[in-house]
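By letter and in written order, the chains are A, B, C and D; residue numbering begins at 1 in each of them.
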């Protein structure tokens, strides 16, 4: 049963509306939006940002903010790749994912210790660890681009199916890594909705003191979040390496702000407690469709940043205005945050 | 004038958080001593100090701008975009108005106009971000992420991404003037900015207003503060400072380009946070931020002394220092808090 | 009153800074074992410059001199200038630079020259404050050469566009401009895509791949992409392969052998071009040493390195030394490089 | 088995050398409503935490439902039927009603997985216990304060509570909501549940409780039957002081300083007119939603009226914002001190001078340190704010002193009109009298004061005229000397 009044207060419908408008614009401009291969291309481009955004959303819902996930992903991926190359590994790709997840988990545990156990502020901690992990990767490991082991290369070439564009005869492959995204979505959906741990994440984001009194193990939940998000970042790093068939250590860095923006755009409350996977995926989809359709819309390359900036400003402006607007006229406004 | 007596008699308007500054100073001294001990012959050379003084002003000034916005509980991710756009506007103007080889008498007035244009551009960029945040109520992090893209985008559009170089030589000569052949002009500008903003925060009504707004925006409104005005002004100051940084970069590079200093944004946030600015707003001092800037500069210049040590170790030490300071603050202040606890 | 003040100020400032930017430098008085030769690349993670460092290390090993590579952590002109500033302050004897943005380094390199430090550059043919600039080739010629490769693959006709790392990247734009100019002069059958004459790959394999896919969807007539960044060609090649456009759409560009091996072998990529950054690094150090030793630098300079055996000044220049060009990598020789 | 559900004796507890409880005792009989009263800092909260197992007592004995404990965990307390309803209700604003109701049960049962079917069943059962009807899917942040409290109570009842401890439950409630809460408390009592009602509001204590215990400075001062207690004694026990309070009469009819003419604000109030004279204290009362808060906030420049006009000293003015209201001499003490009134982590100094910064600074906005020092010192002394270092954060002060800081902020501004919304909410009784006395002396000196309050005795005692609002209009204007609490309540609700 859909409660219309409740729906109107959420931001998902607005983001969805924005996506529909954008899609129509692309379709009108290029006649290429609703083609099988374009949709597959977009899905493919979404995989890495979407995986990151799931973790970012969990952290924001719990009342924190994490900017270290690109650094964790890069270091975990790079370390795994180097180790496997050194031993001339040629076995199953699952080991690579497991190793990357393990490294990610270990780095997440550092965040977890500082944030969960020592109760330090999340933004400051993750800025610090982000710097730390990047430095370790580039300094101690002297990271530079390197190839990936053969099994990962083979994994990178796997495809689920090939979509064909009937107009132009173009084909695009759906990479098998999308299964990892779908798996992660399902896992996190079940976790957030059907486990006490997941409800605990929402509970501490809503009111940490109340969560403690109610009997949630607040420290435990936080430690879990940062470890889990770290492990997921590690897997994401491996996904990117296998999709690119190349281990590039710095190529993920700098994504944090865009991912967080997508999550917030998707209706996750910056101060914690509220946020849905649906909204997050819509937010990511909007950002990805936008950045991957500028040529299709016909925006000249020199104008892409102006256009992207304008869309972010207008998009968030409309959402913020919608959320903040009450019927009454204020004599003077301004909130500060 | 009985200023001395008032200073002691008046209750402190600031909440004492000087311990953090003390700890940072100790860190600075430690890093300084470490570098001295490792390579005394190089590190203590006057030229090394001169080099350091020429490097940090540009990002230091931007870090001060970001710190101000963080004190209001916001964030300005658009500082670098603002700096480059301002510099490009100044450069475009100079290229159009000053023919190559023009005599200094002819070039100087144009340079002054160009500088003014850049500063106005900085103010305008800041005002736009401020408007989005204060009036449209877009979360600062999103609004400035958008304006950063927008400003950089405009800079690319008007330059096609190409560097604006071959500026009148006089400009970079002025920009790189060294007083007594030792103290670079940008350093003097940085000191002026740090002192003026520092005094504005501690000695004028602007400071308490900013801190109050950053602590509790709703209460600030009920207390009669003009939240919107203060926010817009703060982002304008941040934009203004960014344009000064842009002008310094332009003088040092003798050119302006849409993507100079792209890595400064995160670095500035790190500096602000290490300098004791509370990312949730309400607290932070320019003194702390300045010391954080110096720590970073000593670290990176120090590491450049070692042929075989990668620059990336700077990031490791930097992240490490940040976390260590946090943990020390936690241990020391935490103890104080527990002792003061009452049911 | 005010005008007078302005004049006075101008005069003072001019006096204060009127020392010549380029002083006479050259032969070092120090014993050669104390020389410090620093090579500053654009950034340190890029495979290209990792390969360059191999050359620098090789040089240090061969000669016993203190030559090292020290780069900024990110490709950023401002950070690169800071590294050079520190090196000057710390008293190195020679600085070899691959500028992120030549214009941005003029003042700092001018200062180095003023302090008597030997400055040589690479990939910066318009650099003013340098003693010599080594070019594996002329930028416009290199662009023309990439264009030749593309034209050959396209059969000299059809619609094409150019791809650069960033629209703000100087050398990529010079190559692309050179290529476009060459096409206009030589290949009348080819046309540049007017709506998108230059796209950005952000120096990122994934992005090059995504942009290429978009281009093929939006412009079905597009037959060729001229890449410049070393990520462009492999990224576009992947898109061509996946979209089933092999044999219909072509790409050429800069590329390292290893990254492009698969595409060269299966024919998606006709040919990649490059010059070996290892040799460039070696040559830079070698040239710097020659200057420090006070040896004359003249036309026909021999740096005793393949491709740099007989270097000539570019026409009309006393600074830019051109090497004997680039290497073409194709199906046949791709395995012979070992990097 | 004894008659007592709870019996604690000689409990001592110190924190870091400070004795919070110096050997207190408390006995609660089965099925009784017992009131624990005392000023802030008297040790009430500490005792609650000991009884609920959060703290461990340094000394003393606890007997719960006939079982003695030397050490007690929160789980023990819950297992013996103790439930605490905290002042902030401990609800999750971002979760739905049913989750708020059921999560604690699920946690108790150590469940790892969530079944919405079970949660819905538990929630329905919980609501049914009190016969409450709420939308199970609604997020709690969208509910009224009273409904949030209901959720907290329903949740407590799920655990077979035998003793429900309510910590200052009426703080955020309107009069009508308090009535509803009392009805619920009676119902619980009828089911044999004991209630420990922690409060310092004397009228509530008299209305609801059968027996009382009063603490002062961590010690028992009195205990007994409520029927044998009178107001004066109650106040004396709590504060150790004597107060007298007579209703306020302005000495002379002052000039009209503020007037509203046909003022309207969409969805809040309509066509409203009244006058306020210098020296009078005008009480405004009415239910939540009667438009009273919006009315004063409009006068203070928060909302922009849709029509009508405001006059200051006979001249029509446009109040464009808070700043312009302040310039016209209007000050406002907001209802929610913690979120609207104070800057908690900032210093007392800054909290006092924040609204006067423009006048306490000179050229280029440079702050006048000496003037600020003098200003702060003056108000600390005049309002007897209990602090010896005004540079400390204001959150280190007690509620009453915090409220005085907010008052000082406005008094420093040479106002002609001061509006107070719930001036003594969450303030202990001693400070409450201090504040009332202060308001009276301010009015005598010519200030015009508006007091909005749900605390009807307060309205009757300290105002000189009462304006009762209902449904966005003025229902009646009354003279406090000739009216009663009951009459006020009837007019507000429109029963009469």
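Just so it is clear, a residue touches a chain if its C-beta (ideal position, glycine included) is under 8 Å from a C-beta of that chain, and two chains touch if they have at least 3 such contacts.
If you're wondering where the values come from, they're calculated on a predicted model, not measured in any experiment.
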item	value
Chain pair with more C-beta contacts, A-C versus A-B	A-B
Distance between the centres, which are taken as Cα means, of chain B and chain A, whole angstrom	30
Centre-to-centre distance between chain C and chain A (centres being mean Cα positions), rounded to whole Å	35
Whole-Å gap separating chain B and chain D, where each centre is the average of the chain's CA atoms	44
Of all residues in chain D, the ones touching two or more other chains	302, 321-323
Multi-partner residues of chain C (each touching 2 or more other chains)	44, 73-74, 167
Residues of chain B touching at least two other chains	156, 160-161, 218, 220-221, 226, 310-312, 314-315
Every chain pair meeting the contact rule	A-B, A-C, A-D, B-C, B-D
Complex contacts: residues of chain A adjacent to chain B	114, 118-121, 123-125, 127-140, 142, 257-258, 260-261, 264-265, 270, 302-310, 312-313, 316-317, 320-321, 324, 332-337
Of all residues in chain A, those that touch chain D in their complex	3, 6, 193-199, 202-203, 205-207, 209-211, 213-216, 269, 272-274, 327-332
Footprint of chain B on chain C - complex, ascending	6-7, 9-11, 13-14, 16-17, 36, 38, 44, 66, 68, 70-74, 76-79, 81-83, 85-91, 101, 103-108, 166-170, 173
Complex contacts: residues of chain A adjacent to chain C	30, 32, 35, 37-38, 41, 45, 138, 143-147, 165, 167-173, 240, 243-244, 246, 248-251, 292-296, 298, 300-302, 304
Chain B residues touching chain C - in the complex, by the definition given at the top	42, 45, 47-48, 50-52, 54-55, 58, 104-105, 107-109, 112, 156, 160-163, 165-166, 170, 172-174, 176-177, 249, 251-255, 257-264, 300-301, 304-305, 307-308, 310-312, 314-315
